[in-house]
Every structure is written in structure tokens, then in C-alpha cells.
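So, here's a batch of structures to check.
In the two complexes that follow, chain A is the common piece, with chain B as its partner first and chain C second.
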Partner chain A sequence: MTSFDVNVHYVTRVEGHGNIRVRVRDGQLEECRWEIPEAPRFFEAMIRGRAYHEAPPITSRICGICSIGHTLASIQGIENAIGFVPSEQTLLLRTLLKHGETVQSHILHACYLAAPDLVGAPSVVPLATSHREVVLRAVRLHRLANEWCDLIGGRTTHPIRAVVGGWTRLPTVEELRGLRQRISEALPDVEATVELFRALPFPAFERETEYLALRKPDEYAWYGGDIASTDGDVTPLPQYRSKVKEFIVPHSTAKRARGNRNSYAVGALARVNVNYDMLRPLAREAAEALGIRPVTCNPYLNTAAQVVEVAHVMEDSLDVIDRLLERGLREEGYAVQARPGTGVGGVEVPRGTLYHEYTVDAEGRITDANLIIPTGQNHQNIEDDLRALVPTLEGKSEEEITLAMEMLVRAYDPCISCSTHLLEVEFV
Partner chain B sequence: MSAAALAQRAGSPTGEAEDTVPVLVVGVGNEALGDEGVGVRVARALAGRDLPRDVRVLEGGTEGWALLGRLEGVRRLVLVDAMAMGRPPGTVVAVRLDQVRRAAPPERTSLHGVAILDVLELASALGISPPEVYLVGIQPARIAPGFGLSPEVERALPGAVEAAWKAAHGGWEQPAGPDGVTADARMFAEGERYGQAKADTDR
Partner chain C sequence: MKPKVAIFDFGCCEGCQLQLVNLEEALLDLVGLVDVRQWREAMSEHADDYEIALVEGSITRESEIPRLEAIRRQAKVLVALGACAHTGGINAMKNHMPMERALDIVYGDKAGWFDTIPARPLSAYVPVDAAVPGCPVDRQELVEVVKALLMGVAPVLPTYPVCVECKMAENICVFDLGLTCMGPVTRAGCRARCPSNGNRCLGCRGLVPEPNANAHKEVLAEHGRTVEDILAEYRMFVSSAEVAQ
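Then we have the complex of A and B:
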């Protein structure tokens, strides 16, 4: 019977520190852990006592990849707390900014971090010669996404124009037209990227789990909505705590969460599973080409689902820009009348549903804050996946076992924090 | 060669798209990690100068991969960053990329923790690397959470700005050592474990 240990100390090509620890004795899985050893960062404590308008720029710094998502979740949570209802123009521009970040992050993860695994390369550098056009396409799409976020948000990351109440500065009609043209011209690159991932071999592994994503009646939800589960239940956003049940484990400094079962997943695959009927035509075609239909339970396909979402947000952005141009851009300012209260913001960021909840007092000060990050919600699901995966790897070499587990973690595109990674695998 | 002469050699920059320039200076690093942010400080100081039209200065911050999308039309790239060279803190070195022998890099690639030399390696493999790449490295004294430079690196700032300015004009190359190498360098990735980086600077 097989006996082995796998200790991957710092999984590479993920954000931050995460260790995989597995012990198998005589074919029995004795231990299986996904460990997060990082120090907590106390952002919630940091913003208590601050004025409400300071929350978005501060919480934006939680992540350099999802800074737009954090900004928007924070704005939404604050606006719900102080009783401000944003205009349609403001919401359309927020969606457009959000879409830019989705392309930024998904392209980087799918093409730079996940694709090397799928073609059997140790990093993206060898791909530059073996798959040059693939990498150049990623560079082009990433550049477009960066300039897109800069154009709308005023910076490529940590946007400065999106604030509580609206926008400090609007793009011009010419800028929006130019962006529309560039997105439109980039669609062949998106189609080629779909084609690439269709041809790549994703590992076959399935584990049924619960998937959660925001859902709206009339569109693929990114900004607000209800919390929908593939188990069938729907929870209104303000009651998120009744659905997202946080807990802690001794071997991790990151909080975890569960819903109906021992664990659930959020992220691109969860969203496609929950909102499949809302995909735009190009994205629907991509999903079919990549073999995703609800409910797809292969976690490795999260990367494929990211590619589907790139197609969706590119196409959706054309429509958003058309709507903005049809309405005509209006200077609306961003003045708000604040009242004390509690509010919840929910935004679908690249790695899943992000919750920001705030309580604001009569002086406009934040007295309480609760932030739930997507990767935290995925930790238990990752560990449950690893536990189910190990027995399917019977008979494989130690290298293959380690790679299969690392690839699984990487497929979640986890954002543990900003940190370095040293890979050290010990087989005992 | 002066920037104007360079522009002449490269062809008129006016014919190019507005957002491409023949000379690009990028200061990279993370200001929240002490001396790791020195490249950004240099870029900020340079950006305040009266720059020729063919020179653009960017605060690269920690967006490693994004640099790939900025290289189109660039003939000379000057990267300014904290560089572990085993020299006294505040030492400024300006070299061509091929004069640097890269210290064994820690295994790390992520969206956050990308090392700028990895990005340059990828650019080179893709065939989009500018013909001339200079590195202006500043030996850090302290890489740890917190804003502000160490006194040694703060004092070195004017020299580093000058070195970047000269490198932008192609004017300062240090002679290579006997083995053709001027510096054994390791540049810091954002978020690199500061324990590791500190051990490196203490070495």
C-alpha cells in the first residue's frame, strides 16, 4: 500500500503564502491541510473611527489586483449605510470600470499563471518561445485592460475617480468611443484565447459542492444582487451573514466560510454556474466550447470559466458604453446627504463575491466594519477538494501528485495576500 | 548621445502614436517597504524636471507585468529599483542589462510578487525588449514595512536621480569588470519577504 507525505511549503504562482500538507499511510489519507500561515492585517480595525468617504481608498489597498472591486464594494456598502441611491449613469460607469478589472485579472491568471501548467511549462517564460502569439495576445489584452481602468478610474489600479456619491471626473464622449472601438477590435484576441484553452487538457476531477454568486433578475450580476446558491436557495444581500457562516481552523490565520455544506466555492466557475442563462452570446459560445454548463464541478475549470467571463465582460462593455452614449454624459457631482445606518455592499470581484459591511454614525464616522474576502470563502472548499483528489492520484509519481495538487490550488487563483513564494517540496 | 540626437536616429517621434516614446524611465518598487520604494522616489523627482518630449517617466510601482504593455516603440528603457549588490547602503550603480549577473532568484511568480527581471526576461523572449535597457540600482539599507527611506538611501537620492537622468540620455555606462560583469544584482519584487530581503542586505 502507498505511503507518502506531500509538503508544499508556499505554493507558487498564487498570491501569498499557502502550504499543502498531506500524509498518506498504507493507502489511508491521514492528514490533508491547506494552511495559511500569514499574519492578519486588521483592515476592519483600521477604518473604525474614520469618516465614511475614507473607507473606499483605504480598503482599496487590501489588494493590488482587486483594488477596483474593493473600492466599489466599499462605496456600495457605505452608500447603503448612509441611504444614498446612485444614478443610472454612475452605476453604468461602475460596471464599466469593474469589467476592466475583470479582464486585467483574468487574463493575467489564465495566460501567465495557469497556462504554463496546462502546457507543461514551469513558468510563462518558456511560453514566450513555444507559444509566442499566445503571450503577445495576453500582453495586448492586459494592456487594453490597464488603459481601460486608467481611462475610467483615473489610474490602472486604486481608482481615484469612483467615490461615494458618484464620480469626481467623467470620461469624455470621445474617450468612450475610443474605448469601445478598442474593445471591439480586441474581440478576435478573446476568441483566439478561448480557442487556446479549448485545446488545452484540463485535469478530469469532479467534486460536487455548493457554488455561490450574486444574481440579478435581468443581467449577469457583478455589482449588487442577491446571493444565489446552486443548491437552489437565494439570500438577500443584507442578510449575507445568515448564508456566509465564517469559522476558523487552528492551522490557518485566514477565516473560512461555509454555507449549506462543509464548504462552498466562489469565483468565475461559481458565477458561470449560477448565472449561465445570463451570459452574452460570445461568452455562451465560449462556455460551450470549453465544456462548461451548469453545474460544472471540476475546480480546474475555474480558469476556463475566467476565459468565458472575459468574453462576457468585453461584449457587455460594448453595450454599457452604447447605453452611456445614448443617454449622453451628464455632470452629476457627488454630493451626498448622509444619515446614520448600516449597509452591505456585495461585488463579484475576479476571485468571487466580496462583502463590505459598514455602520456609520450621525457624525459620518464608521463605527463598525466587516469585510469578507473571496479567497477566505474558498479555503475550506480547496481543502475539501484536495482531500477528494488525493485518492484519485493513487499510483502516480510524487512529482505528478504534487503538481496535481498545486494546479488545483492555482485554479482557484487564490489571493492570499501580497507576498513572495518559495517552493520547497519534501517527500519523506 | 543627447535625447534629441537619439530621437533623430530613431526617426521622428511625432509620427508615432501619442503614447509611445523612444525613451522610457520607470521607477519601480513598493513605498510601503522602506527603501524598496526608492525607484518610485527617483521617478517622482525626475518627473518634476523639464523633460524632453521624447522622454517619459513613469512611476511603475508594483505593476510588474504591466510593463510589457508599455514597451512598444521604446528604444531605451531605464529601470530604477532597489538592488541588492552586497555593497554599502546607498551605493548607486547604473549599468546596461547585459552587465548584470543575476543572483539566483527565489522561485516566485505571481500577479503581486513578480520580479522585474522576470518581466524583462519575458520581454526579451517575446522579442519586444527595447534595444537598450539600463538598470539604475540603489543598494538598500532597510527593507521592512513602513514609509520613508533610510538616511543612507535618502542621501543617495540626488545621485540616483542624476544617474537615471544620464542613463535616459545614454550618457552613463560603468565599465564592466574583468569577467564582463559590473554588478551581481538581485532586485526586489514587491511583497518579497522582508526577512529574506533583509538577510540579503545584511550579507
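Then we have the complex of A and C:
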């Protein structure tokens, strides 16, 4: 292999911007860094002193793509801190809202951002002409997911109705029935999407690592649960700090984390690896078609795992809606009696496990907050993957090396914004 | 010839660009009407000869100022997309505490590694030709603003408060539900989306021109809120300069 540098200057962000610096001399990897120069935004500081019920709408603004996940993790953390136990109806509706976000985010990443790589296009824009039916199918699923989140959450980005204590407004029975019918009618589009990705050539690259995801005894976990590792250990959510060890490096404003090893991964592939036995039938078929079984260590297949999860949450949502309709919707309000305390929320958002921990005082003010973002947990794993990937690119062309690295980072779906045009490679 | 458009972002959650994607099929129509020269969020294609720049996010670091100035020099029309670009948005909450304190809380003894300045809207550094307010921007309003720009017309924003739209939506007044609300001083245009969903207005669209802040404070005080509570309400989305007033 010749010598080359990969130097990305200010291209994208992870929940903002990510840079890659790789330096190879005479085939020797001298430097490999995944840098996050994202503008620091200080949410953990801004939230201090605010009333507890303000945490969800403020922290929702951390991420436009998974604002529903942040809202729900924040609500869960606050409710655990103040000692409030939500009703079954509230939890079912939260799951339904969460599922809508999963479809929205995964379709966006898999179909709009990752798929163009797999067919050799620079973006989805030319595909809108060359593969119009495929793009329109993705748009149909994306529209369904957004209208679904609008319906349940009041707004798909920065939801309005989901609050500490419950819901400010419920969907009507007719709306739920209508949503159920639309999801049911969209299943053929999901099956066609699985077929599409089955036919696309994912790069072959494997690196064994630790995968973490929430796990529950009776379902594929999205909202709460224990922290399960593919290394076999299980950690109760309130003890998350003993498992998720945060650290800071100078070339990154995003904090990183490690578990048992130098790094671990979270996200769709981690969840499918940890919760494979909990997948619903349609998703199990999709996983088999896409060649995913536990433990799959090809990070490029995270995109395929997202397609598996779309199948899972679409099917699961039919069941959630049936349970809501069976019970009948009840106006429960969202009044709470708050006591001071500390609580942890853990939610599986599109890119992995999201932790929100809060301490609330006797006045109902937040005195401390700790937020651990999925992409932050993946940073070290991405860097370790890049380190392992570079030697396998021996003999490839400059374009192929660039694409392989771009696609690797993109497969983690680190953020909508860093998913394209991530690298500018300088070959010397 | 199609107008050449580029989309940029600074410190923000990128939820406003996402509303462009969320236009769904209408985005495909829009892409047919304009020539998108760069949009990192969605494309690898890249060119610097744009005429209209849609800019999301607030300025939170010294290094971002020259980049914004370069965008301003190239663009004939610069549009602030969303609350962060328009008023400083939620990022500006950190302006109400000393920067060293914010750094210390988040990064501890490693604080010296990171650079940050108070969050400011784009207009603090360059002239801004138009704004789409809100957190996030309202998709319908976004389409209206883009249509106006494509026709070469200055987009017009409502100059009345959210309360007007809230009344038209026949909502029960949020104050009568026992909650505080920024509706009386916040610029309309969102069709009172939050009150219409049973919640309260957080003021994400910024203040209406010449807001009656004193009357608003009286209403808040009548409902048992302290001066500190009232300021806290304003500090969530209203720019720090406006809070000072």
C-alpha cells in the first residue's frame, strides 16, 4: 500500500460534525482519529435550575432527528427521579410514538442516505429520476412515519403532547383505527424494502466488539429495561454508570464511552444482536433474508439491521394499537406529585441507547443532569473500526478507499448531517 | 435558469433542515424548481456558486464567524432558517450563565480543551434578508417563504401574537388551564400549534414586534408567578438582548 492522508476539514457533524484523520506511510497506519469538532451546546448546564417539567421540551432540542427519543428518555428520567409511575395507557402510547420515530429515522438513513452508496450514486436526488418507484416507496414510508408521529405526538419533530405524567392530548379511537389500517397497508412496502436491501452489495468487513442494548424479559426493548451486553453481562438501568464509562479526548467535543473493552457499539445492529430472540415474525424473516444473526460483527450491516427494525416496529405497532383499542382510551390527565430524588431514563433511540439522568430538589428544580448520547458511545468503536479497516484496503484505488471509509462511518448513522460527504481524502 | 440554492448549518439540532426532508413528495417538486448546489445533510454533490443560502443554527464559536461571512459574501439572499438562526434559539440559554461555569459543569477539569462564545443569531454578525421562525420551522410556512423567494418577493411574517391564532382555533386559554404561556408576546404563524395540542406556548418563534411585555408580566403575576419564573419563561427561546429589555 502506498502512503496517503485522510484529512477531513469541517465537513459534517455527529449530532453535528465529524472529521477523520488517517495517516498511512508505506503501508503503516501511523495515525487514525475520528474527531468530533461539533459546537458544544451545554445542555447539561442549561437544564440546571429549570423546573422538572421543562426538561423534556428543552432536551428534545438536542437532536432534530430523534427528538421523540430525547423527549421520552427525559420524561422517563424525570418520572423516575420524582417517583411517578405512568399508566399502562401512557406507556403504550409512548411505545407507539417511539415506533413512529424509528420508522422515520431508519427509512431516512437506509433509503435516502445509505442506499445511494450501494448503487453508486452521489445522493438520492439522481435516484429520484433513475429509480423513481424505489424513491417514491421510501417517501411513502417516510410520510407515513411522520404523519404517525404528528398524530400521536402533536408534531413529529419536538413533540408536544408527550409530557411528564402522561399526555396533554390523546388520539381519538378513529385516528388510531386509521393509523392501524395505514400501517397494515404499508407492510408490502416494508417487504419490498427488505428485498431491495437484500439485493444490494454490503462490504464484507468484520471486527469483533461488544454490543450493548436495553433488554426486557418479554419484548424487544425500546423504553426502559436492563443494559445487556453481547459479552454476557447485564446491568440494571439505575447502575448505568458502572457499565457506561464516559471519557473525554482532546480531539472531540463529544464525550466517549467504553464498557468491557476499548470500545462498544450501540444502535440497530447492537439491538438485533442482543434481542434477536424477541423479533416479531416479519422482522425475523427480514433478518434471515439480510444475513443477520447474533452476533453479527459487520458494522456495514447496521443499515440492514435498521431495515429489520422497521419491519419489527411496524408489526409491533399493530399489536400496540390493538391493545389500546381493546382497553378503550381514557382521559387520565398528567398531574403528578413530585418528590425530590434522582432518576435514570434509558430509551433505545434510532442510533442506540440514550441515557438521561436527573436530580430534582424539593422545589421541583433540576440540580443535576447527565445525558449520554448514542453517537457518543459509538465514537470509540468507529475509530477502532477505521483502524482495523485501513489495512484491509491494501491495493484498492483512491476512490474505493474513500468510499469504504465514508460508508463505514455512514453505516453507524451518526447523524443525518454527517451521513453524506463525510470525507475529503488527500492522497500523497 | 433555475435559482441556485445551498443549505448550511451551525450550532443546532438540524431539525429545521429535517422539515425540508419532511416535505416528502413536495420536496421532489421543489428540487425540480431549484438547483440545489450543496446540502450536506442530503447530498454529496457540492458547488459554491449558490444565490440563495438557507442557514440553520446559531453562532457559538469564534471559528464560525468567518464561515458565516463567506456565505454572506456569496449569497444574494440569506435566509435564517429556524429559531437558532433567527433569535439564537435554545442555544442562547447558556448565555444566562458565565461561560466558565457552563464549561465546568459539562467538561470538568478538561474544560480548557474547548472553545465557546455566547450563542448569537446570524443577524448579530451579518445582514439577514429573511427568516423562517420557529423550533422547528413550520413546514407550511417554510413552503410559503420558499415560494415567495422563488418569485422574488419578500416573505411576510405575521405581526400579531399567537393568541390571535389560538382564539381562532377555539382553544381554552392556557392560563385558564393553570399553565403559563408565551402566546401573548410570541409571533404568530404556527397556527398556535402547542396550545392546540393541549400544551402551552414556549415562545419558540420569538417576540412579536412591539410586544406588550408589561401586560404579559401582569398576567403571569396574576397567576402567581414570580419575576424569576417569568424571566425563566423568556430565557428558553427569547434572545438574551430581548430578555434584557
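The rule is short, and it goes like this: the second predicted complex is superposed on the first by the 411 of 428 C-alpha atoms of A that agree within 3 Å, B and C clash if a C-alpha of one lies under 4 Å from a C-alpha of the other, contacts with A are read in each partner's own complex, and residues count from 1 in each chain.
As a convention for this text, a residue touches a chain if its C-beta (ideal position, glycine included) is under 8 Å from a C-beta of that chain, and two chains touch if they have at least 3 such contacts.
Predicted, not measured: the structure shown is a model, and the values here were computed from it.
Engineer: Once the structures are superposed on A, label A:Met46 by its partner contacts, choosing first (chain B), second (chain C), both or neither.
Structural biologist: second
Engineer: Is A:His109 in contact with chain B, with chain C, with both, or with neither (first, second, both, neither)?
Structural biologist: The answer is first: A:His109 touches chain B but not chain C.
Engineer: Contact-wise, after the overlay, does A:Val163 reach chain B, chain C, both or neither (first, second, both, neither)?
Structural biologist: Only chain C; A:Val163 stays clear of chain B.
Engineer: Examine A:Ile65 and indicate which partner it touches, taking first as chain B and second as chain C; both and neither are also allowed.
Structural biologist: Both: A:Ile65 reaches chain B and chain C.
Engineer: Based on the superposed arrangement, let me know which partner A:Asn275 touches: chain B (first), chain C (second), both, or neither?
Structural biologist: After superposition on chain A, A:Asn275 lies in contact with neither partner.
Engineer: Comparing chain C with chain B, which touches more residues belonging to chain A?
Structural biologist: C
Engineer: Quick one: classify A:Pro57 as touching chain B (first), chain C (second), both or neither.
Structural biologist: Only chain C is touched by A:Pro57; chain B is not.
Engineer: After the superposition on A, what does A:Val139 contact: first (chain B), second (chain C), both or neither?
Structural biologist: both
Engineer: For A:Val124, is the partner it touches chain B (first), chain C (second), both, or none of the two (neither)?
Structural biologist: In the superposition, A:Val124 touches chain B and chain C alike.
Engineer: Who does A:Thr359 touch here: chain B (first), chain C (second), both, or neither?
Structural biologist: Neither partner.
Engineer: For chain A, what residues appear in both contact lists, the one with chain B and the one with chain C?
Structural biologist: The overlap between the chain B and chain C interfaces on chain A comprises residues 12-13, 15-16, 64-65, 108, 112-113, 123-125, 128, 135-136, 139, 142-143, 146, 156-157, 417, 419-421.
Engineer: Could you pull out which chain B residues touch chain A in their complex?
Structural biologist: Those in contact with chain A are residues 62-63, 65-66, 68-70, 106-113, 118, 121-122, 125-128, 189-193, 196.
Engineer: In the complex, go through chain A and note every residue touching chain B.
Structural biologist: That would be residues 12-16, 64-65, 105, 108-109, 112-113, 123-126, 128-129, 132, 135-136, 139-140, 142-143, 146-147, 156-157, 417-423 of chain A.
Engineer: Using the touch definition up top, name the residues of chain A that touch chain C in the complex.
Structural biologist: These residues of chain A touch chain C: 10-13, 15-16, 39-42, 44-46, 48-51, 54, 57-58, 61-65, 67, 108, 112-113, 116, 122-125, 128, 135-136, 139, 142-143, 146, 154-158, 160-161, 163, 167-169, 248, 250, 253, 415-417, 419-421.
Engineer: Any idea which chain C residues touch chain A in the complex?
Structural biologist: Residue list for chain C touching chain A: 9-19, 21-22, 24-25, 28, 31, 36, 40-46, 60-61, 64, 67, 89-91, 93-94, 97, 101-103, 105-107, 110, 113-114, 116, 135-136, 193-194, 197-199, 202, 232, 236.
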